[in-house]
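These notes open a run of structures that come right after.
What follows is a pair of complexes built around chain A, which joins chain B in one and chain C in the other.
Take a look at the complex of A and B:
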């Protein structure tokens, strides 16, 4: 390695990151390596300092509750992905003349069967797929829309910032349910893609504002000014210098967003605006079986409700863990 | 009078799906003075939702009419077998030999709560407002067959019709009479927002209004001038309890003494109420049905009678109805429900389950089941092939209908029909149907007292082909049309003779509707009401599922109810 220290933000294009979190003693070389996301310590011969992301992982793993939540979440996600592949159409096989087999009575229907004699466990896992898919895809939508608009507003400021923030105000005041009903009506029926698009299109503002706030702060930082002085284009500065530094709070917000969306999807499903039958989602399972809440068939409500609460709780705990891990100042 | 929306059937708007639109006050028969009945006490009952208006002309929902039924008299009411009986009227109407002139006499002693007499002027004022095309209301009054209405003397009204019209008694003469002194001077076009809509200054039913606390309760007290004699309860309080399950619990705990929409609490709520020793539950056939209505227009998947019959041969209706309604529905084949006097279980064509026969019919209709299990045929409108793929439109938030849709969709796969349930909010449910843009929809209809199915089956009522009407299926059959025309014109000198003559025609109509599967009927509503055992003289049906409880159409039966413990 060359001994001549390169510029902090060199033409090699190594992204700078979180300079204020680094100790002043670190050499510029170390700083460069350290701040590269995903850099491995042994790449530069057992450097005494660990990378930011690596540190974050370690911090996260020390957070026992968050780690536990992550494991449970992993099991849920994994079984939601794998089990329906094995069981195939089981979730929609009806035996409507013999419905309501109680749970924990035989292995064939471990969680019993529903009002049409369909296997509750298969439906629960199939529903998990829907819920998690909606959560993840809608958050991707949040990130794409909110991230882009927030970054542009924060970085460029001026009239663009003004325009985008007023647009954000409009989105914030959009009546979500009415939008769902209107879009559903206009597109000729309930569809999952519609739900995802509407959630993403109306819910991105939080991430948008967060992103803007980050960019407002970061664009004034020395390393950004340095990059600018060296003639880096705006696009390059945004993507390679500012964005990586803005990510930490965004990741936390996005994670928490997933649980919010899963609950939102359940609420929509409860109102009949999620995926159409026979596809199950936790929301429409709750809706269909609400009437049995006080009956012997209450298990039909209890299972999806429990699944919903556990999943949302785990995601929130993981989100908390990530926040603690990414933001040492909070400790 | 009353008039349920449109000519005989109304789109079911209220969540209280299972109840008929029209109730109205004032008892048909003088309260029988049973030795045990005593005066005193307060009847507290559960009203399913707050009332929008106290103006009888504007009312359109079941809760509205439930309250109104305590306050205004009926010209004619219905008994527990849904036979029409005189209330304010003195005897059944007399009909001229050409069936065009109907004459109604009124009871002579009847008085409003302010002590003034109820006369022909009140009847005239009420019905003129109802017949006014400018009347601003959500209810559709149909007085189109009326030519003139005249006051013969203070207690006699004469109606002249443009043509013989059998439903006139049930459609027009049945229902409330409002005081001319209050409503007679109002402009029908502005009646909705008149301040009087928020109150009921003069009543003529068994009770009068003391106070209305919007969103909470109605306080009524006995009307001492009631022409059938003072009702037994001193006071009646209608409490707004929108959640049917909460109301069922209130009934079980003794907080309310009458829960008219107990059926809305579901099978679980009903059985809990039945188990309680404080509660008497009556389950009865209601005037409403749910059906699977196919678009039979050319080019649509169900355009051939053979495909509709194939569907009928595939479905095991009784077990589907049981699974979907948990007992709150009775399997139905024709569009006349068991609660109606015109119902005849033997007049209809009932398709047994025979999947092979169904497959043959599909073939005969030109459909071939492909390798992917979906039937196809040469595209009737152009080149290529048409696949038997469609959506079942069903209202969101109606689990019983959705369940039926899911079972049907699953069952008909075996004969190559790929139907997908499509739950849709009520706000947007109706429009594509009115435009003829649908494959199938599952709908609920609340029926009028008269079994006439002109609006849903006659080809003059096709929508969108004609301006209005509720024949959305596109089904048109000249033979059926002429039978319906005939049935509507059959008027004899007495109600019983008219019914007998019409019933023979209805049998033929039902045979065509069920045989051609004009619509695939699913079930007739079965509803439940609950009373505290402390309420005496509750003369509901003698057996479950057999009799329509009379208080819906003759709610001043409630004037006969009394409190056994006097509280």
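Take a look at the complex of A and C:
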């Protein structure tokens, strides 16, 4: 690898970042081996030009653990979306003659049945739906609220910046679980929409702070000054110039946020403050754990708990994979 | 420095003020009469009126005050150390909190100490042996640690040590439930009951501490003065444990302050699961029975504790690291 030809700088306007990444020898090699259509060879006949995001995808796919986690996560998400459509109401059909059927005994109830004779597998998948939906929607809320406020606070500073920091101080010093519970209770009754909105409204501060930090650094850089000198408006500078460069850590934080929310939703469901029965969620399926543990029905505890842990673990692994892929210098 | 402390205390009081106003309004706009939950239906109206009055909701005749006025009354009572009455237990919230606070401090303190005692050395060893088997195992364990919420871990531990091992031929395991009535008088028995709840609270913090310590140590180890120390012939041990460790361990002070609300959050459910008679269990029961004055009391207590610990952490940091000036 001694005679690496002079490398072209990628087309994406990522100042400073691209040359560093291309200096990673393995990446260069992988890049060379690629003969994808549309990747045009440069005048030196060497590496095809690849954008920042495409390089990130390649680096992610070379991270075996993260890719494996992504595949498992994909299977969980797909079956959570597809299977409940096929099985329909199975998750709440009660069969009083066959409660507490042990798992792995027959194909009709592969994971057994619960105290009311409802199919455990159908309930688990339905619960997966709830968890994933809450996780994704609340993170979208984080991004909308935290992203917008953080960007504005970082770019303009002033009172908005102060207000953001004080709000964060308040939220950090309160026990988050109790905050969510109090707000959920105050907004009248426990509904899934309420839970999602409350989580989004109280949890966005981390992404807000991250976005603010990114904007604080980026707004002082030359390319922003250049854009301003060329007459770009503030809105254009924020959306077209600063935002694309601020995205990488936000994406990582949002991914890890999904697993945090899924665990929070499970804790809320466990306390009876998430989706009400008969709808299952992994949290409220654990509610009667004492009875199940003492009566030798541990499988009713183990399945939802394990589903929860596997999902959170996979999301965290994918998040870390994305972090490594987006910022190879951090490794 | 003095000015900094005064400013921080002022901000802390302001935060508590805002939080009390926020939570007070929340608990007051929550639908449902405040004393209807779990109340004896034959209770006399005069008792209800008296209690509503003592909660600061009404005057002596039973006419309710507007919410801002209720809040002012609540604040007045708060300044006298009175957090109101529990809806469910027919007792003052402060009495309930004080009864249970020592138990919680015992449990949380033990969890924090265990987490520090295991997490920090683990992080140091992982960093000084980067990419070794120990390093990889540590990061694997810390991955799993941050992905298991403490209540799920608690349930797993109960299942393994409280049920499966006890029913196995070994007949050995840990008790399913918290403190015995003997309380703190029998240290051995107490310790025996603490093992499972402390473990389930400490794992997450072990994961966080070891990860952080590893990163912090690695950062310091790559600095120039470490290379200088090695170049002038000092042994690896001396450089690692005297020069690097001292600087790498400083940020842990801040991390401990951050960890406290996290442990408290975990304790709310963990104490409930293990029937540990602490403030967390109180909050757990209050949440299940929707006993809002108690929830409000716990929130205020935790918030005050967090503000205090953050201040202590910052001041300790300033003493430990002379480069920091406020």
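Of note:
Going forward, the second predicted complex is superposed on the first by the 262 of 331 C-alpha atoms of A that agree within 3 Å, B and C clash if a C-alpha of one lies under 4 Å from a C-alpha of the other, contacts with A are read in each partner's own complex, and residues count from 1 in each chain.
The criterion applied here is as follows: a contact is a pair of C-beta atoms (placed from the backbone, for glycine too) under 8 Å apart; a residue touches a chain by one contact, two chains touch by 3 or more.
Source: prediction; values computed, not measured.
In the superposition on chain A, A:178 makes contact with chain C only, not with chain B. After overlaying the two complexes on the shared chain, residue contacts for A:263 are found with chain C alone; chain B is out of touch. Touch criterion not met for A:72: it reaches neither chain B nor chain C. Of the two partner chains, both chain B and chain C are touched by A:294. Using the contact criterion defined above for the overlaid structures, shared-chain residue A:271 touches chain B and also reaches chain C. Once the two complexes are overlaid on the shared chain, A:92 sits against chain B while remaining clear of chain C. After superposition on the shared chain, chain A has more residues touched by C, the comparison being chain B against chain C. Within the superposed three-chain model, A:316 lies in touch with chain C and out of touch with chain B [touch as defined at top].
On chain A, the patch touched by chain B and the patch touched by chain C overlap at residues 181, 185, 189, 271-273, 294. Contact residues on chain A toward chain B in their complex (touch as defined above): 92, 94, 96-97, 99, 115-116, 181, 184-185, 189-190, 271-273, 276-278, 287-288, 291-292, 294-295. Chain A makes touch with chain C in their complex at residues 166, 169-170, 172-179, 181-183, 185-186, 188-189, 259, 263, 266-267, 270-273, 286, 289, 293-294, 298, 301-302, 305, 308-309, 312-313, 316-317, 320.
Here chain C touches chain A in the complex through residues 11, 15, 18-19, 22-23, 25-27, 29-31, 143-144, 146-149, 151-152, 155-156, 158-159, 162-164, 176, 258, 261, 264-265, 268-269, 273, 283-284, 287-288, 290, 292, 295-296, 298-299, 302-303, 306-307, 310, going by the rule given at the top.
Residues of chain B that touch chain A in their complex: 245, 266-269, 272, 319-320, 323, 391, 396-397, 399, 402-403, 405-407, 409-410, 420-425, 427-428.
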